[in-house]
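The same subunit A turns up in both complexes below, where it pairs with subunit B and then with subunit C.
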Partner chain A sequence: MPLRPRKKGWSTQFPVKDVGAWRKRPGLATGASRAKAKGTVSAYLFVLPFLVLFGGLTAYPIGYGIYISLHHWNPIVGNSGWVGLSTYAELLFDGSSLFSQQFWQGLGHTVLFVGISVPFLVAVPLIIAYGIYRAGGKSFFRPLYFFPATLSATAVTSIWAWILQTQGGAVNQILGMHLPWLVAQPWAWISIDLVTVWWTSGFNMIILYAGLTQLPKTVFDAAAIDGAGVVSTFFSVAVPQVKPVLVFVGIISTIASFNLFAQPYLLTGGGPGFSTSPITMFIYGEGFNAMHMGTAAAMAFLMGIALAAISLGQYWFARGGGQ
Partner chain B sequence: MTNFHLRRTWMTAALLAAGLVVLYFPLAWMVSTALKPLSQAFDGQLIPAVPTLANFRAIFAPGSASPVLRWLGNSLLAAGASSLLVVTVDSLCAFALARLRFPGRRVVFYLIVASLMVPFIAVLIPLYEEFSGLNLLNTYWALILPYGANAFGVFLLYQFFLGVPRELEEAAMADGASRFQLWWKVFVPISIAPMVTLGLITFMNVYNDFLWPLVATTSQNMHTLTVGIALMAIGQYSTNYPLLMALTLCSVVPILLAFIFAQRQLVEGISTTGLTL
Partner chain C sequence: MRQPVLAFPLLLGALWLTAGASPLPAARAKPAATKAAAATFSFWNSGPDLSTLVKGFNRAYAGKYAIHYRNIPYANETEIVNSALSAHHGPTLMEESLTPSAPYAVEGVEVPILPLLKMAGIDPARDFPASMWNRTTVNKVHYVAPVDALPTVLFYNKALFKAAGLNPNTPPVNQATFVRDAKKLTVRAKGQWGYVQEPAWPNPFLFPSLLAQFGGREANPATRKILFDSPAGLAALTFEHNTIFKWHVSPLNASNGEAHNLFVKGKNAMEMTGAYDYPIYQKALGNHLGMAVLPVIGHRPADFLGQNYWWVFKNPGLTPAVRKAVAAWFGYYYHHSLLLAKEGTIPVWLPTLKNPAFRRIAGMPVIARAVDTGVLNPLIPNWGTTTSTYLYANISLVLEGKSSVKAGLHIAAQKMQQEMATLP
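Take a look at the complex of A and B:
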C-alpha cells in the first residue's frame, strides 16, 4: 500500500527518543461509549500476555526476593525464620561478618573490573569503527569484527582457557614465556579483561560505527582540506563529534561489566584465592552452594539497586538529560 | 594529495586486516586443536601434522559422556521458542501502547520502563525458588518462560509502530477489520524487519545464556549446550583440550551458520536499535 501524504495536525515521524510521545496521540475514533468500553477491553487483551509474563517473571520475583532476603532461607526447606532487616545490616555494616566481607570484597572486584574494562570497551571499538569508516569495506569488516560477540561465554572461555595455559598454551608458546595468565595476579585480571574486550568489542563497534555514519560528512571534508591526517582527524573530529554515542556505549558497557560472572567463573574459578570473584559469584556461591539464600537474595537486591541507579542514569541520558 | 589520501586509506585497511588476524587467531587455534590427537595437542603447530576426526567421533559416539546433540536440541528449542514468544507478546503489547487508547496505558508504559532497569541477578534467587516451588526446574518451561518478559522488544516495536501512517490503519478499519485483524493484517506484515531483528537478538541471547540455565537445569539431559560444555570443561575434559575444543567447535557451528545467514539483518538491527534506545 503506497504511503499517502500526512494529514494536517500531527506527524507520522516521532522523535525516536521521545518515549512520552503516546500522550500526543489521538485515540481511535470510537463514537459511541459502548464501543469505547468494548475497545477498552480489547486493548487490555493486547497487553495482557506481556503483563502476565512481566508479573510472574519480573514483578513477583522482585517482591519474593525481598521476602526471601528478610528470612533465613534454605533452598531445601525454604523459609526457616524471620530475620527482618538484619541481613542487610550485617552485609553493609558488620565488618566481622564473613558475609559482609564477601559482599564488600565482591563489590570491590566488580567495580575494579568496570574500571579496567570500560575504557577499553569504548576505545578499542571506537578505533576499529573509525578505521572501517575511513577505509571503507564496511560490508567486509563489520561482520568479521562483530562475529566474536555472537559466541557464548562458554565457547569464549573454553578457547581462551586453553590458549592461556601456562604450560603449552599458545600465547606463552608465541611469546616464548611462562606467564601465569590464569593462576596469579595481576595476570588473572588482565586475562579476564583481555578476553572480555576480545569477545564484546564488536558489538560496541557496530553502534559506534552507526554513530559515525550519522555525522555530517562535511566535518571530515573540512578536516581533510585543512590537511589533517587520519590520526589527527580521529582526535580532533571523530571523538568530540561522536561523544553522545561514546557516553551511551560507556553506560551499556558499565552495566554489562557490572554483571560480570561467566568469565571469572569459567576462566579462573574466581581465583587465585577469591581475587577475581565478583559480587555475582558470591551471590551464586552463597545461594546455590552454601545454601544461604536469604543472604544471597539480600546481596543481589543491593547489587540490583546499584545497577538500577546506573540504568536510570542511562534512561535520563537517552531522553536528552545530558544536553 | 589524492595519492596521499589513497595511501592512507590502504594503510588503514591493512591495519584492519592485521587486526582480524589477531582477532581470529583464537578461533583458528580452536579448530587446529580440535583436529589434533591428544599426543600432539601441545606441539605448538597451527597446522596439525596428522589431522584427525577422532575427537568428533568420540563426542558423537553412542554412550558418550556428553550428549551434545541433546544439548544442542535443548538450546535450539529454548532459543527458538523464546524468540517466538517474545516477538508475539511484545508486538501485541507495543501495538496497544502505540495505537490504542485505554485507561491505565500510562501505568503499563512506566511498568515497562521500570522493568528495563531490573538486572537479572536481582531476580535470580527468587526466580529459582519460584520454579522450584512449581516443580518446573529441569523442564523446557524453565528454559523458555523467563526470557518472555522482554521490555526491550516492546520499546523497539513501539517506536516502529509510532511511525506507521494513520491512513493504513483507517483504511483497514473502514473495511470493518477488528483490532486483532488490524494488528495481524496490517501491523505485523509491515513490522517484519524489526520483528526479525528482535527475534535474532533474543535467539542469540537465549542460545548463549549461561547463568540461568546453569541454576535451572541440574539433570544432564536438560542442560543447554553452554551449560553442558561448561560443566564438562570444568570436569573431566579439563586436561583433554582436543576433545574440549572439538566440543566447543560443535557449539560454535550453529551460531556461525545463523550468523552467515542473518548477519546483515543483525548488524543493521543493532545499528538502529543501539541508537534509538
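Take a look at the complex of A and C:
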C-alpha cells in the first residue's frame, strides 16, 4: 500500500472520516505530528509580523484609548485622575453639559451626512460603472472617473472652495446668481455632499465595475434576446446580480462618511454656526485644543460603537434579516 | 514546508543582526559626541521660517551653542506640540501665538522668562512695545516674550478711490468717513463693493479691534469672566452687521477668503484685516495699494495684534549652559530684527522700530503706529483656538442674518462662560 493516496480516486479510497485512522497507522504517527507542528509554527511565523503590527498599532492604542477615556486626561501632563464611566454617562445623558451638547450635535450632523451621502456614493458610481461596462472607451473613462480619488483632501477642498465662492466663484458666475454655497444652509451641506461624491465616487466605481465584470455575459445576452433595454437590464439584471458588491460599497461608504472631517473643516469651517460640524471635529477640538483627551476618547468610542451598530444593521438588512 | 520554517527565523535573525551591526547608529553617535561640547537646544516655531537666522546663529556660536530648529505647520501646531510633550520629546524653546502658551504656564511646564531676558541684556519695559509686554502674565509671572507682531490695518485700493472721486491719499479715519467712502465705492452693477464683511474671517482680527475701539474687553483673564457681550461688543458687532444690512456697502454671505480675493481682483475697495496680507496685496495692486491704521469706528484708536511669542519648556535638558544658549539666541534674534523686517517680519524690538532704516521700509511706519495702539487676546488657555469658536460661530450667524446681534453675543458669552469652567 502506498504511504500517500494517489490524487485520483482519493475520495473513494480514503473517505475523510478514515484519514485519522490512516494517520494513526504505526510508524507514521511521529512524522505526521511533526509535520503538523511544523505547519502550525510556520503559519504563526507568517502571521507574526502582522500580529506585531496589529498589536502595536491597533490593539494597544484601542486599549490605551479606553484607559484614557476612563480618566481626566490632559495631553500636557497626562493622567489627572480616575473618573470611571462618568464621562460616558455625561456624554450620553447630561443635556446641560457642553460636552454632551457637542456630542449629540456632532453625532446628529454626522448621521445626517451619512444619510445624504451614502445613497449617492453607491448610486452614482454604480451608474458610471454600468455605463462604462456597457459602452466603449473603458481604458479612457475608468482612469478619468477615478482621477479625483487620487487627490488629497486639501487639494480637493481648496479647488472647490474657490469654485463655490458666493461672489466670484465659477459656479455662481455660470449660473448668474449669488448662491451662498458655503456659508448658508442647506447649501453648505449640499456643497459638502457634492464635493464628497465628486472626490470619492471613482474609488467605488472601480469596485463596482470589477463586480460587473464578474457577471456571466450570457445573462446580459439572454436579457437582450428577451428584448430588455439598457435601463431595464440595469435594474432587473445588473443591480440584483451585483447586490453583494453594493452592500460592501454601502458599508465602506458609511464608514468613510462617518469619519467625515476634512471637507467641512476646510470648506465651511464647520459652519454656518456649528451646522456642518461632524462629531470628528468636536473630538479633535476637545482632544487637541481644549485638552480634554479623556472626553475626546470617550466620544470616539461612542462614535465607534454607533458606527459598528449601523454597519451591522446594514449587513443584517442586506442579508435579508428579519424576513 | 521545511524551507519556509527555516527561512523565516533566518531572515528575522539576519535583519536583527544587520540592524545591530549597522554602521548607522555609530555614524549617528559620532557627531553627537563631537557636538557634546556645544550647549544645544531644540527650537520649534509655527511663525515665519527662521532657518536662515538659526543657521547664522549656529555659525556665529559654532562649538559653543547650537539650535536644532524645526518650523511646524501653523494649522495643527497645538496637536504636534502636545503629542511631543506627551511623549517627553517636546522642544526646549517654542514659538506660537500668545494664547496657546497659557495652558502650559497654568500646568507649570514653562519657566519664567525674565531671568533669560536679563541674561541676554534685554529690559522688556525698555525694549518691547508696552502693547506686547503688558498683560502677558499668568498668575503675575511673565512666561512669554514677543517675537513679532501682525497688527490689524486698513488696506484700500487707491485706483478705486480715484475712480469714485475720492482722494486716494486720505483714507477714512472714522466711522462716518468710512461709511461715506464705502457707499461711494460700491458699484453693484460692476460687482464692486466698498467693503466686504465676511461672516467668518477676519473677525478674529476685526471684532477684538472694534470691541477695544468702543472701550470693551473680550474677557478678564484673572476671573475668566466673559465680557464681550457688553454695550461695546454690541456696538462693534452692530457696525459689522450694518455694513451688510443697513448701508449695503458689503455683499451678503461672502464666503471665506472672498474679501481677500475680491480685493486682489479690484472688486473690493477696502479691507480691514491683519498686516500679513501686505506682501500679497503689494504684489497684486502695486502702487494702487493703500495701507493705513484702522479708522476709529468706535471712540478711540485700537487694533488687534496678531502675534508670535516664545517660551521655554521645563525639561531635564534645560541646564545652565542651555539657558545661556537660549539667552544668546534671544539677543541674536532681536538684534537681527531689522534684517527680518526687510523680509516682511514685523519686529517687536523698540530699537528696531525706532530705527530710521526701519521706517524707510515700505508700509512699516503705518505698522509701527498700529503696534503702539494694539490690543491682545486675554491670556486664557487656548482662547484663540477653542473658546473663541463659540464667539466666531455665533458672529457668523449674526452676519448671515440668522441671529440678532444681541442674541448672538449673548449665546456666545453663555457658552464660553460654561467652557471657561472646563479649561485648565
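Keep this in mind: the second predicted complex is superposed on the first by the 255 of 323 C-alpha atoms of A that agree within 3 Å, B and C clash if a C-alpha of one lies under 4 Å from a C-alpha of the other, contacts with A are read in each partner's own complex, and residues count from 1 in each chain.
We adopt the following convention: contacts are C-beta pairs under 8 Å (C-beta built on N, C-alpha and C of every residue); 3 or more make two chains touch, one makes a residue touch a chain.
Keep in mind it's a predicted model, so treat the numbers as computed, not measured.
Enquirer: Looking at A:113 after the superposition, I want to know if it touches subunit B, subunit C, both of them or none. Which is it: first, second, both, neither?
Expert: neither
Enquirer: Check whether subunit B or subunit C contacts more residues of subunit A in the superposed model.
Expert: B
Enquirer: Tell me the contact category for A:288 with respect to subunit B and subunit C: first, second, both or neither.
Expert: Both: A:288 reaches subunit B and subunit C.
Enquirer: For A:155 in the superposed arrangement: first (subunit B), second (subunit C), both or neither?
Expert: first
Enquirer: Check whether A:182 is in contact with subunit B, with subunit C, with both or with neither, and answer first, second, both or neither.
Expert: second
Enquirer: Return first, second, both or neither, reflecting whether A:272 touches subunit B, subunit C, both chains, or no partner chain.
Expert: Second partner only.
Enquirer: Which partner chains sit in contact with A:220 here, subunit B, subunit C, both or neither? Use first/second/both/neither.
Expert: Touch partners of A:220: none, neither subunit B nor subunit C.
Enquirer: After lining up the shared chain so the two structures overlap, which partner does A:166 touch, if you call subunit B first and subunit C second: first, second, both or neither?
Expert: Second partner only.
Enquirer: Taking the superposition on A as described, I'd like to know which of subunit B and subunit C A:75 touches: first, second, both or neither.
Expert: both
Enquirer: Tell me which partner A:103 touches in the superposition: subunit B (first), subunit C (second), both or neither.
Expert: It touches nothing on subunit B or subunit C.
Enquirer: Do subunit B and subunit C touch any of the same residues on subunit A, and if so, which?
Expert: Correct list for subunit A: 39, 42, 46, 75, 78, 161-162, 167-168, 287-288.
Enquirer: Within their complex, state which residues of subunit B touch subunit A.
Expert: Against subunit A, subunit B makes touches at 5, 8-13, 15-16, 19-20, 23-27, 29-30, 33, 41-42, 44, 88-90, 92-93, 95-105, 108-109, 111-113, 115-130, 132, 145-146, 148-149, 151, 154-155, 159, 162-169, 171, 173, 178-180, 183, 204, 207-211, 215, 225-227, 229-230, 233-234, 241, 244-245, 247-248, 251-252, 255-256, 258-259, 263-264, 266-267, 270-272, 274-277.
Enquirer: In their complex, what parts of subunit A are in touch with subunit B?
Expert: My answer: residues 1, 3-4, 6-7, 10, 12-14, 16-17, 19, 21-22, 25-28, 39-40, 42-44, 46-47, 49-51, 53-54, 56-62, 64-65, 67-68, 73, 75, 78, 128, 131-132, 134-137, 139, 141-148, 150-155, 157-163, 167-168, 170, 173, 198, 203, 206-207, 209-211, 214, 224, 229-230, 245, 248, 255, 258-259, 261-262, 266, 280, 283-284, 287-288, 293, 296-297, 300-301, 303-304, 307-308, 311-312, 315, 318.
Enquirer: Show me the residue ranges of subunit A that touch subunit C in the complex, using the header's touch definition.
Expert: The touching residues are 35, 38-39, 41-42, 45-46, 74-78, 98-99, 161-162, 164-169, 178, 180-184, 268-274, 285, 287-292.
Enquirer: Contact residues on subunit C for subunit A in the complex?
Expert: Checking each residue of subunit C against subunit A gives 1-2, 4-5, 8-9, 76, 78-79, 82-83, 85-86, 103-104, 107, 109, 191, 196, 199-200, 251-258, 261-262, 265, 267, 381-382, 385-386, 389, 393-394, 396-397, 400, 402, 415, 418-419, 422-424.
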